[in-house]
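Naming follows writing order (A, B, C and D), and every chain is counted from residue 1.
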Amino acid sequence: MPELNILEAVRLGMDEEMERDERVMVLGEDVGKKGGVFGATEGLFAKYGAKRVLDTPLTEAMIAGAAAGAAIYGLRPIAEMQFADFVYPAFNQIVSEISRMRYRSNGTFGLPMVIRMPYGGGVHGALYHSQSNEAYFTSTVGLKVVAPGTPADAKGLLKAAVRDPDPVMFFEHKKTYRLFKAEVPDGDTVVPIGKADVARPGTHLSIFCYGLMRTFALEAAETLAREDGIEAEVVDLRSLRPLDTEAILASVEKTSRALVVHEANRFGGFGAEVAALIAEEGFEHLDAPVTRLAGPEVPGVPFHHNLEDWFMISPAKIVDAARALAAY
Amino acid sequence: MVAKETATTPPHVELGLTDDDVRAMYRQMLLARAVDERMWLMQRAGKIAFIISGQGHEGAQVATAWPLRPGQDWMAPYYRSIASAITFGMSAEDIVTAHLAKGDDVSSGGRQMPGHYGGAPYNIVSLSSPVGTQVLHAVGIAMGAWVRGEDVVTLTSFGEGTANQGEIHEAMNFAGVHRLPVVFVCENNGYAISVPLDQQVGGGNVAARAAGYGMTGVTVDGGDVLACYRAARDAHARARAGDGPTLIEAHVVRMTSHSSDDDQRRYRDPAEVEALKERDPISIFGDQLRGWGLLDEEVDTQLRADVKAEVNDASKRAEARPDPDVATALRHVYAEEQHDA
Amino acid sequence: MPELNILEAVRLGMDEEMERDERVMVLGEDVGKKGGVFGATEGLFAKYGAKRVLDTPLTEAMIAGAAAGAAIYGLRPIAEMQFADFVYPAFNQIVSEISRMRYRSNGTFGLPMVIRMPYGGGVHGALYHSQSNEAYFTSTVGLKVVAPGTPADAKGLLKAAVRDPDPVMFFEHKKTYRLFKAEVPDGDTVVPIGKADVARPGTHLSIFCYGLMRTFALEAAETLAREDGIEAEVVDLRSLRPLDTEAILASVEKTSRALVVHEANRFGGFGAEVAALIAEEGFEHLDAPVTRLAGPEVPGVPFHHNLEDWFMISPAKIVDAARALAAY
Amino acid sequence: MVAKETATTPPHVELGLTDDDVRAMYRQMLLARAVDERMWLMQRAGKIAFIISGQGHEGAQVATAWPLRPGQDWMAPYYRSIASAITFGMSAEDIVTAHLAKGDDVSSGGRQMPGHYGGAPYNIVSLSSPVGTQVLHAVGIAMGAWVRGEDVVTLTSFGEGTANQGEIHEAMNFAGVHRLPVVFVCENNGYAISVPLDQQVGGGNVAARAAGYGMTGVTVDGGDVLACYRAARDAHARARAGDGPTLIEAHVVRMTSHSSDDDQRRYRDPAEVEALKERDPISIFGDQLRGWGLLDEEVDTQLRADVKAEVNDASKRAEARPDPDVATALRHVYAEEQHDA
């Protein structure tokens, strides 16, 4: 098993899928010769050529819409949005078309396609290179949404996404790209969409998270165990839609306390769904209010490092929230 | 081309069409019109909730769809495309079934409003309502064929109001960059609901935009079926030859209100509406056929009777089909089997 | 006090604001000579002329973006999206630009503008003329979002929206347009954004709703009172962002049972935020799980009346949900 | 025009520019370049996180901004628009302050990344990162001026990659329909990050799109400052006269990598990069001025020293400004007072 970082895992996942299935292609801005602005597609252009690794014009609606057309035609496109922040020009295609194609055609047109998007802050990207905009997609019926937090999940979920008969929004937290290396199972290991991962078992409270927050939550859990004797269970949701409600409720049943953590702002964020689910279906098990820890209610991550630090979730903030919840 | 023309070669023959071809085209136009008119009747009778009409567009639609090869080429049409869809393989019964929103409607199983043509068996992409989105699907199909090196041409159509949507620009630009095998047909009927051309299209000329994408742009009179056919045939050939996409702007007439929810008397002069009849492509093409000696009163009457019978029959069968079963309403949100295809 | 329906109230609100302030203008598709596809702008073209009641090309990004520019310039545009379903081409302008302009410019550029959108189902509009897509906007920091349920609120909130220094998304449930008439206070009565309305006081449980659901909830409450002796408190949220959390928590404190009702699908819908809020901040008062009644998890309202009826929330469905909650 | 030309009239005079004007234009170019170069130094020194450069665009920018009337006209520029912004009123200190993300930065108070020009006091619209969005704001301002009957011209600029965004199409079409007083400047540097023109723009000619909106399109060499000025002056006059918008495509060079995060050696030939120096608008314009007898070594040296001193001074003052106060981070999400304006 090689040790890879998340960026390498994503790249290897694409490479293996392109090798396995010649219908798989990659398209997006600067994905070709340059290999992507983060390097996620590095080497693929040389290996698969300019058509299967297609540098598109600077037009996101076209990227999504043409990917949809190609999927109708029988290909299995992986479209890249250069930053999740730049997906909005494609929103009409994604929400009006891609999410609804199967339902509206009574199952006769499916869209096996993936949209990869680097998201998240902490990289001095300010309001428009830092967004965590997953809630727009998790609330959209017909899409699947995943957000891996480890290299193994990045590769395994990417493979699942490429093979999925339905459209998958694939969120890659850009701060995790080179954050750490970890073992990635060799070969064709697919991580199924729809299953959470208990990243750390615990008994006193549950922390629900995904993406970069997995790393932060695990770090916080260590601190809580060490300094407070609080054993936090860290549940990495990984798949946001479909959501592994069973795993969530099982954890709440065990710990009776739920902390939902994400980087996006709180009001109407994805955490609202997780919290509402727990409040509704886990009510009898709860010994404390479901608590959300989320980014502040501002329209984006501000640039100056003072302000960015203020914005970002950190292990310390998770520790504080968990302590308050445990003490409830 | 010019050298071949002689006083005795009828124009359709010069274009490589047989007498039967042009009569068949005429019949398709009649059929589309008859279906359309039937839909209005059914709408007034309360049998269908809504109708959006292709009346006045039939000439351009039949002619531009004519070169397509069913089972091989693709089509991403729009809500006025009854005649295009019929020409490319849908039956009158399919159309009526969709309007009645029956459970086995090929387009959507009764899930979509009338006018949302689509059909997997016919290579017709399922259409939504936000205008213009289908144009990117067409370009994506063309991209797929280009990536795979397959001989497939995709035709897509839309109105002149829709031509201003940003997605159309992105689609045409991309098609222009890679000379993709796609034919864009703008059916310019002068109105987008109530908004007339001069408030809709800067400069008033949609085909003029083709030059800005490095593609061929052609303006044709939608009342001139053979001119439309010639443009489409050339565009199809250009696409197959790797010579890139074509934008055809066909000037057509919208002979009805925008839809059954609209009343065009609110914004359109009665004289203008009255004058539309003169531009009805069916009468114009009929007159041409008569002029070329390909149609007489008897044949015309027979064709119209045929078409009427076909529509009667289609309607009867469509009405007998089952309504959607509520138990299926939750199906097909996602694929029902997770197959690794 | 005249009796008006909601459509008339919206129209009168615009008319009065245009008369009061010559910087107010209306723009959108078919808003001019035709008076809008629902008739909301009828008469305004004749009264204020073709520039202040501007028929735009069929281009929603342009409508939103030009309205933003006009607001920067000092006008107070009211932009109409013909249907809420057709707002997505404008999503980039709304989310990237309109919601963030003030924050990103450190308060130096504000955008006083309104985007009106007919939303909701029950009118045989199928997947693309029926959407309740408020959650995309309520989760967007920097926007305000309102959804009136009565003629008086429609007019009063519209006036507040026009005068608001920030962008307001104004959702009009199209099925309510001509559903009923009710008294509308004369003249310059402004309904403040951010305040809920207790439409019916009650003691046994609280129903949180907006738009058409207000009418249905009130009808359900009558049934519950009559048939079950259950006194439901109906709280019309009206303003979804900012949300009147005080009013919500006060009602929960009183009734200890919360039912959140909306027409949009449940997963990630606006109700998730309301439920999560109650679960978190009203935890101590709850005698039963916060319950959501929402549209089914399908990508849109299907067309055939069988299917549409299946989809729609109805007073009967609210009665059933309320009974189950009361019996908990 | 031609009639007035004589062998002795220098070209700028013929355009109505004084000797001082053209020297001032040259100085603005030098200043923009000096600020730009300073930003790279500061970036390498770790003082600023990111820089996106206007080097190679200065001639087109100064010239197209020149006709604008500060305090009356408006500008919606883009991230390479250092020279445009400086010409329209921003100071070198404003630019450096924004790059350092200081708390009193006029563009955003340190909230936005470098390159996001904007300034309410200067009528420069606050810019975001999604490319092209500002073009609709420009058109909206122009619509506002048109609705109110006010004499205001708005200039907006963007790259040739951005020209393909759907919003640009919608903006130009709308401006074309109502002949709005707006000037579109496409600064075509041949690349959108790594993607070259021929994979980006169908047909390769952005100005050719103007015809499709019923507006004037002009292609100019961005190394020819006076040609750019002439195009902009005419466009400004056209806008004021109610003769509609203009699309100016200026062929410029991107002399640096796309940004400090990019390395153009990955996708651009070294020889190509080397050859860019020959197209540096500053040397070209300097040579022209020398040829017209308006610049000598001494004046040039003096100007460069001046500009350097200005940038030194600006940097020193900017660096001394306070960082943003975290206590303000929650401010300005909504207006702080609900005033009925």
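One rule holds in what follows: a contact is a pair of C-beta atoms (placed from the backbone, for glycine too) under 8 Å apart; a residue touches a chain by one contact, two chains touch by 3 or more.
Not measured: the values here are computed from a predicted model.
The greatest centre-to-centre distance from subunit A, using averaged C-alpha positions, is reached by B. Across A-B and B-C, it is A-B that has more C-beta pairs touching. Inter-chain spacing, taken between the CA centroids of subunit B and subunit D, is 45 Å. Taking each chain's centre as the mean of its C-alpha atoms, subunit A lies 41 Å from subunit B.
As a whole-number value, the distance joining the C-alpha centres of subunit B and subunit C reads 37 Å. The geometric centre of subunit A is 30 Å away from that of subunit C, both derived from CA atoms.
Multi-chain contact residues of subunit D, defined as those touching 2 or more other chains: 108, 110-112, 116, 128, 130, 164-167, 170, 173-174, 177, 199-201, 333.
Residues of subunit C found to touch two or more other chains are 56-57, 59, 61, 85, 88-89, 92, 96, 100, 103-104, 127-128, 141-142, 297-299.
For subunit A in complex with subunit C, the residues that touch the partner chain are 85, 88-89, 91-92, 95-96, 99-100, 103-104, 127-128, 135-136, 138-142, 241, 243, 265, 267-273, 275-276, 278-281, 283, 286, 288-292, 297-300, 302.
The touching residues of subunit B, counted against subunit A in their complex, run 74, 76, 105-112, 116, 118-120, 125-126, 128, 130, 133, 135-148, 152, 166-167, 170-171, 173-174, 177, 331-341.
Subunit C contributes residues 25, 51-52, 54, 56-57, 59, 61-62, 64-75, 89, 92-93, 96-97, 100-110, 112, 141-142, 144, 163-166 to its touches with subunit D in the complex. Interface of subunit B with subunit D (complex): residues 164-170, 172-177, 198-206, 208-215.
Interface of subunit B with subunit C (complex): residues 49-50, 101, 103, 108, 110-113, 116, 128-131, 161-162, 164-167, 192-195, 199-201, 261-262, 266-267, 323-326, 329-330, 333.
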